[in-house]
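By written order: A, B, C, D and E. Residues from 1 in each chain.
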Amino acid sequence: MKRTDESPLDNGVRGRIDMERTTVLTVDELSKTFGNHEVLRSVSLELKESDVVCLIGSSGSGKSTLLRCINLLEEPTAGTICFRGEPVSRSRVSLAAYRARVGMVFQNFNLFDHLNVLNNCVIAMRKVQKLDRKTAEQRAGYYLEKVGMLPFIHAKPHQLSGGQKQRAAIARALAMEPEILLFDEPTSALDPQMVQEVLAVMHALAKEGMTMLIATHEMMFAREVSTRVVFLDEGSILEEGTPEQLFSCPRHARTEEFLRGLLYRCPGEM
Amino acid sequence: ARKGKKLRVAMECGYAPYNWTQESDEGGALPIAGGVGYAYGYDVMIAKLLAEELGYELEIVKLDWDSLIPAVQSGDVDAVIAGQSIKPERLEKVDFTVPYYYASIVTLVKSDGAFAGAKGIKDLAGGTCTSQQGTIWYDVCLPQIENATILAAQDSAPTMLIALDSGAVDFVVCDLPTAQAALHVYPSMKILDFTDGGDNFAVTDEDINIGISVKKGNKKLVDAFNSVLSEMNIEDFDAMMQKAIEMQPLSSGENDG
Amino acid sequence: MAPFWENIVTTWSRYHSHYLIGARNTLIISFVSTFIGCLIGFAVGIVQALPDSPRAGKGRCAALKILKIVLRSYVELFRGTPMIVQAVFIYYGARLVAGLHLDMWTAAFLIVSVNTGAYMAETVRGGILSIDPGQEEAAHALGMTHVQTMLCVILPQTFRNIIPQIGNNLIINIKDTAVLSVISITDLFFVHKSVSGSLYNYFESATIIMVIYLILTLSVSWLLRLLEKRLDGKQHYDLATTDTLAHTSGLVRYARPSEEKK
Amino acid sequence: MAPFWENIVTTWSRYHSHYLIGARNTLIISFVSTFIGCLIGFAVGIVQALPDSPRAGKGRCAALKILKIVLRSYVELFRGTPMIVQAVFIYYGARLVAGLHLDMWTAAFLIVSVNTGAYMAETVRGGILSIDPGQEEAAHALGMTHVQTMLCVILPQTFRNIIPQIGNNLIINIKDTAVLSVISITDLFFVHKSVSGSLYNYFESATIIMVIYLILTLSVSWLLRLLEKRLDGKQHYDLATTDTLAHTSGLVRYARPSEEKK
Amino acid sequence: MKRTDESPLDNGVRGRIDMERTTVLTVDELSKTFGNHEVLRSVSLELKESDVVCLIGSSGSGKSTLLRCINLLEEPTAGTICFRGEPVSRSRVSLAAYRARVGMVFQNFNLFDHLNVLNNCVIAMRKVQKLDRKTAEQRAGYYLEKVGMLPFIHAKPHQLSGGQKQRAAIARALAMEPEILLFDEPTSALDPQMVQEVLAVMHALAKEGMTMLIATHEMMFAREVSTRVVFLDEGSILEEGTPEQLFSCPRHARTEEFLRGLLYRCPGEM
């Protein structure tokens, strides 16, 4: 099986920097209410450098909302978010600067409809990072190539297939070379082969020390990629641990019930 | 000392035979300042006369009817010569010269219309009528007709005439020069003049006299104008008006055609 | 009806230069003012769309609120009152009260631009509303400021959607310059008024200007349709070939900084 | 400046009934005509958005094409020419040429509606363009016809987006009814012209009507903002409780037909 | 393992009607070109009553385009589509009638943005099938309950999570009770538990004789649900067969390569 060869759990990076890793992101007692619907309840989470954390949980459990709150696209009802030890300031300028350092891939991609794939990637590099067109295009090309989207750089979003849109969105986030990446179901529209390729990209990023927080429904993907898995249930973290621990011997009945739905558990249990 | 000083006179340049726009300076028309074409007509003749006598350099400004008063009040133009009748209320806002024309009031009907044979305003009773906005004709004359249906006033002479021609109204009331001009274009119309019949519109002389308006308090200019105008009499004015009527473009248009 | 057409021909042959100059003035004022008005509208739209969230400092927040109130008043005041009255107040009123002598052309451009701007501000607001909020979120998530988001993401998409509306405004302006006759601007309609007042040939002169107006407005419509087509771009994309790739993306030359360091 | 305010007071006390009647007429004509104009605009918009695909039969296709050309001409003709000239042609022209006697109020509503309709048609076209094509596809995939798709899916969304534009049009109409004075309709502006024409108190009378206009247009703006808010609905949804469910969805009572058969 | 118990391959329905099953949909030599990009090349496909066919293939291979062509949302460049033996007429009226009999779940859901979940389901029933409000709501409630969306019937689409949108879209298509269902990645946004539930719904539908064509990336889902799997590669059908056959011993090298990407093949091969 491939997994044991490549899983970041076993790769060099993690062992190397182990304890001295700095904390990148701290989410403290985060709550979010829409009307009278409590979507997040006192969620606390810490991400250290080169952590790859997968968020799992059933539909509507608040995964996307958590990612969006971290990025302050939703105003949290309560709680604080600290980036590299500093609470994320709410003044507009530093908010933009913070967001530029935090990459995000949306569940529904949100590509810019009026720009072709290349310009979708290039625009923020030019406007936010003030790169010149050439450098920006080179960098965009590098990441687009990684996700196999080079042939489609001239296509507008509405001309792309679902998987192509998703890959373009991933490339757009990567091209900003942020310090932490938030992925909201980054492989939902991808075929198994493409999932492998994205997995490879993520492994490579993890090796370089990128911190990632990934909401996903593909348990096997979570298992492959993550250093830690967090199970979100009705807006609160019910359980977290290494993938082995969580998938093989979940502590809570609810987690087990959730995972029972999984068609294919780890081979040992079949 | 006044030689070469500018006299800016405003008018619509679209109200034959008082003032109109033509394509050349033929007959002594003056170029319209900042606009296109040349202005001529009775008002321009008067303006030229005044400027000549008083030693001004004349400039004709073409303005919409609505802004003639704001223009003179704000000092953008020195005088308005545009067929304005002198009314006491108006004298509170601007100063008027003595009259520069005595306009007799007439009724215009279609010669084949029901009111073609009217001999006095009693015969006009029950008709539908209109006239031009902001005029004595509309404000004072029409209400004197019994049971008349008075439609809202027209904002220009051409549309007033269209209203009559199309049959939307039975008659309109205006002054003689306008009516004479109208006959050129609408031969099917007929002028009814009740002046001799005794059953005429009751108007004061003041009402029908038209004057030149200048900014309130500009005594010097009023006096200067008055000094020229007071040397003229009704016959002089009528002769000039006759000349204007002959020269108006619609007359020559007819000749061309 | 024969004399009708004959009259049109005579009127045209006598006054055609007047009509043409009037049309030229109409065209210049309406084009320039619509352009400036669009800029104003977009600028006001950007500010109005700024979220007055408590994120910014207290002072900035209050300043923004005041700016928004000022802009809103501008929109309501100029949209809400007739342009002809505004023209009289600005041109003659300024002179009367403040002794300010505006050149009539300056006044004309000013009045029409400021009016168009007020209408365009609302149009732009509507246009921004109809853009998927996901677009704004994506731009924010990439670290763009509100102004960058507006300029690079929202307004280009809004612009394409409101072109029909810009067309409407331009056409309205072509006709509304008529009110500038109160400040002595000889536009097409004023020529018609003068001619029909001199010749008492309302229908003939009106027919002439209707034709001229139609020529102007049809050209405008046609140009804007062209612009729409161009903005929509090609319906299909070309697969990028290796050649164009090497040129535009230069993937060969780029390596991740972290990789370079190694 | 004191006499200025005094004059306003005297003018108002002498003529207030005139101003009020003018305002009433203005309001009635502009509201009714904007409403009818919106209906026309939506109707034209639906037809213009019909795809002229070769799917329909040859005959139907040609008929549709002709209808589209007719509607396009309608839009361009009425948008492209001044309303005041249209009013004269329709009211007096029809009388002169065809002996058609339109009631002046009928004519007023007709002219303003038809003009608003022409502008609204373009507005609606722009609005439809800005709706995600996925919405139309979903409706088609469910078996809705083009007209159903438009009425139930596209136009409700378009409507919400173009409310600011409808506001613009209504406000334009409130001011543009002024041109109806040529067909003897006494609107607010006409009252001002009469009053200032006889008293030569342009600035005073203009101030009065500006205030009235502002009251009218601000109310309109405010009402439309309210409408926008209402259409946007609650920001948050309520989780359906079992009670409401039993009531609305009646899931207990429904069984698949095929299950019933068994 | 669950699969062997419930797979429609083995259920009663199929055996019962086996050979006399009528043909529902025939796709004949269908081609679609965008500009000079050939997306579908002479695709032919036949679906008989109660067939459940899964379309698999890499991102951009033309799965969505094929489904959209069947529904005539895209005009095919060449080829014909026959529904119950009759070529799908191109006149507008019968096209709408045809589409009403063919259900579709879009890859990006396309819920009506201005309507809440309940009305999203109800509107077409009322306008197309002319049902009264009560019947329509009852039927909608029935299907919404099946996908667990009853609590959210008052929510507008923008207030829903990805998975909730997807389920609403599924319910909307089911509520029309069409004769054939086209699903474009119906489980992409769903968690494993929810996937199981959707699977159960589909099994039930299949038992009742519903014909389904499903584009999917979840191979295990395809394996569970389908009676036949079709592998689409660069716009043409490269291989088709029963799930066993195709997943266990693919005939083409390309198919094998594609499936190699699959993280978890059938247990036997691990």
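Basically, a residue touches a chain if its C-beta (ideal position, glycine included) is under 8 Å from a C-beta of that chain, and two chains touch if they have at least 3 such contacts.
In this text, all values refer to a predicted model and were calculated from it rather than measured experimentally.
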item: Shared interface partners, meaning chains that touch chain A and chain C; value: D, E
item: Relative to chain D, chain with the most remote C-alpha centre; value: A
item: B-D compared against A-D, more contacting pairs; value: B-D
item: Chain whose mean Cα position lies farthest from chain C; value: E
item: Geometric centre distance via CA averages, chain B-chain A, whole Å; value: 82
item: Distance between chain centroids, defined by C-alpha means - chain A, chain E (Å); value: 29
item: Cα-centroid distance, chain C relative to chain D, in whole angstrom; value: 21
item: Residues of chain E engaged with two or more neighbouring chains; value: 34, 108, 159
item: Overlap residues in chain B, where contacts from two or more other chains coincide; value: 66-67, 70, 73, 159, 162
item: Numbers and ranges of chain C residues touching at least 2 other chains; value: 88, 93, 96, 132, 160, 202-203, 236-239
item: Pairwise chain contacts under the document criterion; value: A-C, A-D, A-E, B-C, B-D, C-D, C-E, D-E
item: In the complex with chain C, residue positions of chain E that touch it; value: 34-37, 158
item: Of all residues in chain D, those that touch chain A in their complex; value: 133, 234-239
item: Sites on chain E touched by chain D in the complex; value: 68, 71, 73, 75, 90-93, 95-104, 106, 108, 110-114, 116, 118, 123-124, 127-128, 134, 137-142, 144-145, 150-156, 159, 172, 176-177, 208-209
item: Residues on chain D engaged by chain C in the complex (per definition of touch); value: 76-77, 79-83, 85, 88-89, 93, 119, 122-123, 125-127, 129-132, 160-165, 167-168, 171-172, 175, 178, 189, 202-203, 206, 209-210, 213-214, 216-218, 221
item: Complex contacts: residues of chain E adjacent to chain A; value: 1-2, 34, 56-60, 63-65, 107-108, 159-164, 167, 184-185, 188-196, 217, 219-221, 224, 257-264, 267, 270
